[in-house]
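Next, two complexes with chain A in common: one pairs it with chain B, the other with chain C.
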Partner chain A sequence: MLSYVVRRLLYSVVVLVAASFLVFTFVSVSGDPLAQLNVIPNLSEQSRQNVIDSKHLDDPIPVRYGYWVNDAVTNQFGTALQGNRPILPDLWRVMKNTLQLVLVAELLAILVAIGVGVYSARRQYSAFDYTATTFSFLGLATPVFWMALMLQVLVVQVFEHTGYKIFPIASLSSIDPGSGIHFALDRAHHLVLPVLVLMVASVASYSRYIRASMLEVMSSDYLRTARAKGLPERQVTMRHGFRNALIPLVTLVALSFGNLLGGAIVTETVFSLDGMGLYFVNALRANDPYPVMAWLMVTATMIIVFNLVADIAYGYLDPRVRYE
Partner chain B sequence: MSDDRSSAARDLTARASAAESGSQDVSLAYESGVEVKARSQWAYVRMRFLRHRLAVASLVVLVLIGLVGVFAPQLAPYGYDEQNLDLGIQSPTLEGWHLFGTDQLGRDYLSRVMYGIRTSLWVAFFVAFLSTAIGTTVGALAGYYGGHVDNVLMRLTDLMLTLPGLAVLLTASVFLGSGDPLKIGLILAFLFWTAVARIVRGLFLSLREREFVEAAKAAGASDLRIIVRHMLPNCLGPIIVNTTLVVAAAILVEAALSFLGFGIQPPNAALGKLISDGQGEGFGLWWLVTFPGLLIVLIALCVNFVGDGLRDAFDPTQRRVRA
Partner chain C sequence: MQGLGVDKRSIALSVLAVAAIGSLVFGPAAPAGPERTSAGTVVFIHEQEPPTLRGGWVDNSLLATGLVTNNIWYGGQIYDGTARLQPRLFEAKPKLVSKSPQTVSFKYKASAVWSDGKPVTCEDWKATWRVFVNPQFNVVSRAGFEDIKSVTCNGKAGTIVFARPFAAWESLVSGGAYAAHVIRGKNMNQMFNDAIPVSSGPWKFQSWQRGIQLTLVKNAHFKAGPAMKLDRVVFRYILDTNARFQAMKAGEGHVMEPQPQLQIAEIVNDRDFKVQREPEFAFEHIDIQLGPRGHPALKLLYVRQALMTGINRQQLASALFRTLAPGLPKLDNLVFKPFEKGTYQPHFKKWAYDPSKVISILKSKGCTGGPDAPSDTNTAIFSCPGVGRLAFRFFTTAGNQLRTLAFEVIERQLKSAGIELIPRFQTAGTLFGGTLPSGDWDLIMFTYGGGPDSKITSNTLYSCGEDQNYGNYCNPKATAAFNAATREFDVPKRHALLNQGDAQLAVDLPSIPLYTRPKFVISTGGLTGAVLNTTSEGTPWNVATWQLK
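Showing the complex of A and B:
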């Protein structure tokens, strides 16, 4: 087990280094870091040269890659071209916000999905099952940004007709959020719509998986044994069925959680939430390669970590899984 | 029962034409001496698919939407960018065929959506075709030969899986320059081909151990012939099903890209871009945001249903659990 984890970690490091080189080469070859500077009128040759010097733009790509890695490890990923701010502190700030959003959304999504999935499986082909299936198909076919927009449209229409603002449709806090419990309530109020949007897609896919895995478990031999020895049906489904049916979900959630931490790019953009996703989109809009690369590396690291967590958790929950 | 008879008649003609072309799988049915209707694998697939009513209906809707897209220049009541300032900001109305309303410049959104469908569907099918072609080729080579090709493919897949897909797409379209449907299609295809490659590789790994491949080898068939004639036909089901998944995913991702402003740009119409244009005009004009989005949902939904029907049709042993 331990040697497996160590080996996986080592392999992950190799993959990460390969990914970083790929990302750096791709962004450096295709993007021109000076493009944004050249737009500024009256830019002195000196400040232009300063940027070239500080980012080592005159050196060949492998050398620049070395400088960049050095910056990333020892110097908070260096500075962004825009505003010359160090990148890592900004990334930490937006990551905290994204974490709030994603944690709440995923937790709620898992709870709802478990309820829907288990109930659909126990009443297969019932009206509830068909309704749930229909909604999950709809949920998977609806673009996230459009759902967010429609919620905003709804809130705005309600406001125009009744003069009542149900939910805020943008940003993480009011201008003057107060402190303590007021701040928390205000934040919660702002997060309702984004959380709802993030939940839809997650519930749609998780509930399908839970239903499928519950159906599979319910037809297994050990469940028949449990019934045969006279356990009440409730215990059969909950203790013996449900707990085993959840195992695949652990992998699924861990995998998508890593991706989600990279920011619900679309949701955060539509609701202008100061999270990872919006940070990334803004860096792209500013054509600034350095925060883009930093963001990609941080996200890639998290995805790798969560993949590892998923594998280990799977082996822990299901002793039949062997590591070689 | 008339259905049975007509299909029997169809089988007869099929058998006749098959006999002419010297196909083998049909004549085998006679050897048992029992009257067995000989149907090709494809006939079974078609039958099972046609029994899936939702899938058939979805296919019909999809074809209709596709036709609207193809003939948008002929069907659209107004031009894509045709402005009519007197008719600005109209909510959906029958008058003048502004079924989807107009924006501040008086552009008719029904017409714009028609052109948007044209571009978006084109991109989706282009991506599906290209990524399937690349993925199948690479997957088949990796699965058949193993060794270096296989190694490179699997490592590349590992690499792709560590980076969040949408972010890579956004980065690529910013730094490679975008706006052109062809370019966006190429970028999307580059992201989507690995899934097909992995599926085909897996199938080939198990197929190459099978007796009929050994027999073909013993008969002296070339590698190319074994891959194309003997192994690939056995993978068609999963490949086709996966292609439908790619179409649906490509529609949604392209819409998101165009919405964020990193995808297709004017003068090319795209549904995602229409939605962000509509958003720019304020939420009072709800119709500008609603209708292009509804079309995206409809297309993605239909593609998914068709894919579902195809999966059931190709793999009758699989239980009808939709996941």
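Showing the complex of A and C:
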């Protein structure tokens, strides 16, 4: 197992280097980060040249990539072109915000999905099962941005008709969020709609996996044996069936979590949440390669790590799986 | 319940969880809106968060920064709602003492003080000048500052002597000044990243929760003008357009200054909101490439005349802004705007839309292959002697609904008269960073910003050999007029020179003026006093008069 992990980590370094070079190249050739200055009359050429010199914007892309690697390693990703601010503090801030959003959404989604999936499997072809199946497909088919917009419109309609705003439309906190428990409650209140939006697709997907997995496990020989031994149905289902049915979900959740840590781009954009996704979109819009690269490195690392975690967890949970 | 594996403890936990979620929903909800936060707090919803508070810098030239800092680095004079300079920190208007050498004097009010109690003096202005002429500091523009020879201070009073004449001296002198005691010895390229410690204006910086909001509070030391009635103004940054408008409707903000966006049409008839709209100084136009990388046909005046005559500019303005800004006039001058009464001369008016005339112009020059009469279904395109087919690459920014619609209207109009446009939509970064300066385009549509005193920049845009004359237009007559305008102190004479240059542009047609962009301010019924300002001062220019009902 140890040699497998070390080998995977070494592969990951190669993947990171290749991905970072490709993304740096694509972002760099996609446009001039100082482009908007060209339509400002009386622009100071001296000032523009200062920035070009300090960021090596006139050098070939491989050379600029080398400067970036040096900056990333020795200077905590350096500074952004826009605002000339250090990148790392901003990245930490948005990572924390995204983590809050994703953690809550994923935990709730897993809980709901397990409930729905297990019950659907136990009551296969019942009214509940058909209803859950229908809503799962609806959830999978509904675009995230549309769902987010509809929820916002709903909140506005309620406000216009009753004068009460049940949830905030956008942002992460109120004007005066307070501190301690008040701050936590205020943050939770602001995250309700985004969490709901993120949950819909996750619940739909996870519940289908759980249902399928449970159905497969429930018809297996060892459960028939357990029932034949006279074990109560609850014990058969929860102890022997459910635990084994969870194995594929662990893999799925680990992979999904790694992806989401890069930011729920659409959700964060629509709700103007100061997270990784919005950070990435803003940097890309500004043609600023340096925050984009920092984002990429964090996101790619998360995906690699959680892929590895998924593999290890799978091997740990299922003794039949052995890594060489 | 037993069969489902649910025990009493699980039920209790579930009830607690439901109660917790319920408390989130119903607890903080209460009657919504910013009113509940503080009686004296106005929430300004804005679409863009400044990266730093160091505005007018190459790494941050966003208007969003000016919205915050204009009332911190307060001007000696500011542009009011009618775009006229009015004294604020200055005792009176600055004076042109001598024309040769150009010498200007000004004096700050005795009551002008920084929020830390120190007086605002000429030394602050002098320190600001030194920042702008320091080649190590990355200011966006040094125009005017680099023409100054010396600044002599005597307490609140100052005398500026220019080495070269600078016509727009009044707005230059009237700009906001940094606090000398704050910036002394500092690397300005790193200053004001996260906060500004002092203020000479009606509000001062309090806090900034990045990604969420920036809070400004009343400056109790401000005595040089009317004080703010409000306790504070909070800029809430909501970057998504739909979310911004929904947030306004949901009572999360009092005022916003949106770009011309279709969502405004949804709110314009809502009695809960007041929508102000005025044409601003920024204008949309199409530049024509006359250099070696453009289509050879565009070097022929008659082709440019055909283009000019083939675009129905009034219909375009009406189609784009029918609901947002009905009655928006087309633009007939590349220097002055229709609302600048007394100086606006519609030189381009002579190029009235006439597709039949387009066809007759082209046929009279021997062009063939086009239609005999204008037709919406026409597919025949003219070819002209020595320059080939009249099919032009038309560049503009991608992802802008108004520009996409504008292209469709213009393309249809020209095609009906036998001229083809080939769409080239690019990201702003590619368009302005690569394409525009390269000169490798035929026609390019974008907006030039501007202000009441920016007209002399026509010199940099249309004079021979200037860096930002991307269309490579050159006519010594126009260049002479625009150059002379930059040195003419007498305002009526300067305007006459600029109009002289514009009249030549209307003959040579290096550019097609389309319309001035409308500017919008949306406020809720609960806020009074917010008045649209068409200059870069922004809506908070008169924040002292803002009040909540």
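Definition applied: the second predicted complex is superposed on the first by the 317 of 324 C-alpha atoms of A that agree within 3 Å, B and C clash if a C-alpha of one lies under 4 Å from a C-alpha of the other, contacts with A are read in each partner's own complex, and residues count from 1 in each chain.
Definition applied: a residue touches a chain if its C-beta (ideal position, glycine included) is under 8 Å from a C-beta of that chain, and two chains touch if they have at least 3 such contacts.
None of the values given here were measured: they were computed from a predicted structure.
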Given the touch rule stated above, what does A:21 touch, chain B (first), chain C (second), both, or neither?
neither
Tell me the contact category for A:287 with respect to chain B and chain C: first, second, both or neither.
both
Message: Quick check for you: in the superposed arrangement, does A:314 touch first (chain B), second (chain C), both or neither?
response: neither
Task = Figure out whether A:67 sits in contact with chain B (first) or chain C (second), or with both, or with neither.
result = neither
| field | First (chain B), second (chain C), both or neither touched by A:269 | value | both
Partner touching more residues of chain A, chain B vs chain C, is chain C
_Looking at A:140 after the superposition, I want to know if it touches chain B, chain C, both of them or none. Which is it: first, second, both, neither?_
first
Notebook entry, point to check: So, does A:4 touch the first partner chain B, the second partner chain C, both, or neither?
Noted result: neither
_After the superposition on A, what does A:128 contact: first (chain B), second (chain C), both or neither?_
neither
Going through chain A, the residues touched by chain B and also by chain C turn out to be 30-31, 149, 152-153, 156, 160, 269, 287
Within the complex, chain B is touched by chain A residues 15-16, 18-19, 22-23, 26-27, 30-31, 133, 137-138, 140-146, 149-150, 152-153, 156-157, 160, 208-209, 211-212, 215, 259, 262, 265-266, 269, 280-281, 284-285, 287, 289, 292, 295-296, 299-300, 303-304, 307
Residue positions on chain C within touch of chain A in the complex are 2-5, 23-34, 37-38, 41, 43, 50-52, 54, 57-61, 135-143, 189-190, 193, 209-213, 215, 234, 236-240, 242-244, 246-247, 249-252, 427-434, 436-437, 446-450, 454, 457, 460-461, 467-468, 470
The answer for chain B against chain A in the complex is residues 155, 158-159, 161-164, 166-168, 170-172, 174-176, 248, 252, 255-256, 259-262, 272, 275, 279, 283-284, 286, 289-290, 293, 296-297, 300-301, 304-305, 321-323
Residue set of chain A touching chain C in the complex reads 30-48, 50-51, 80-85, 90, 93-94, 97, 119, 149, 152-153, 155-156, 159-160, 163-176, 185-186, 188-189, 192, 233-234, 237-238, 269-272, 274, 278, 282, 287
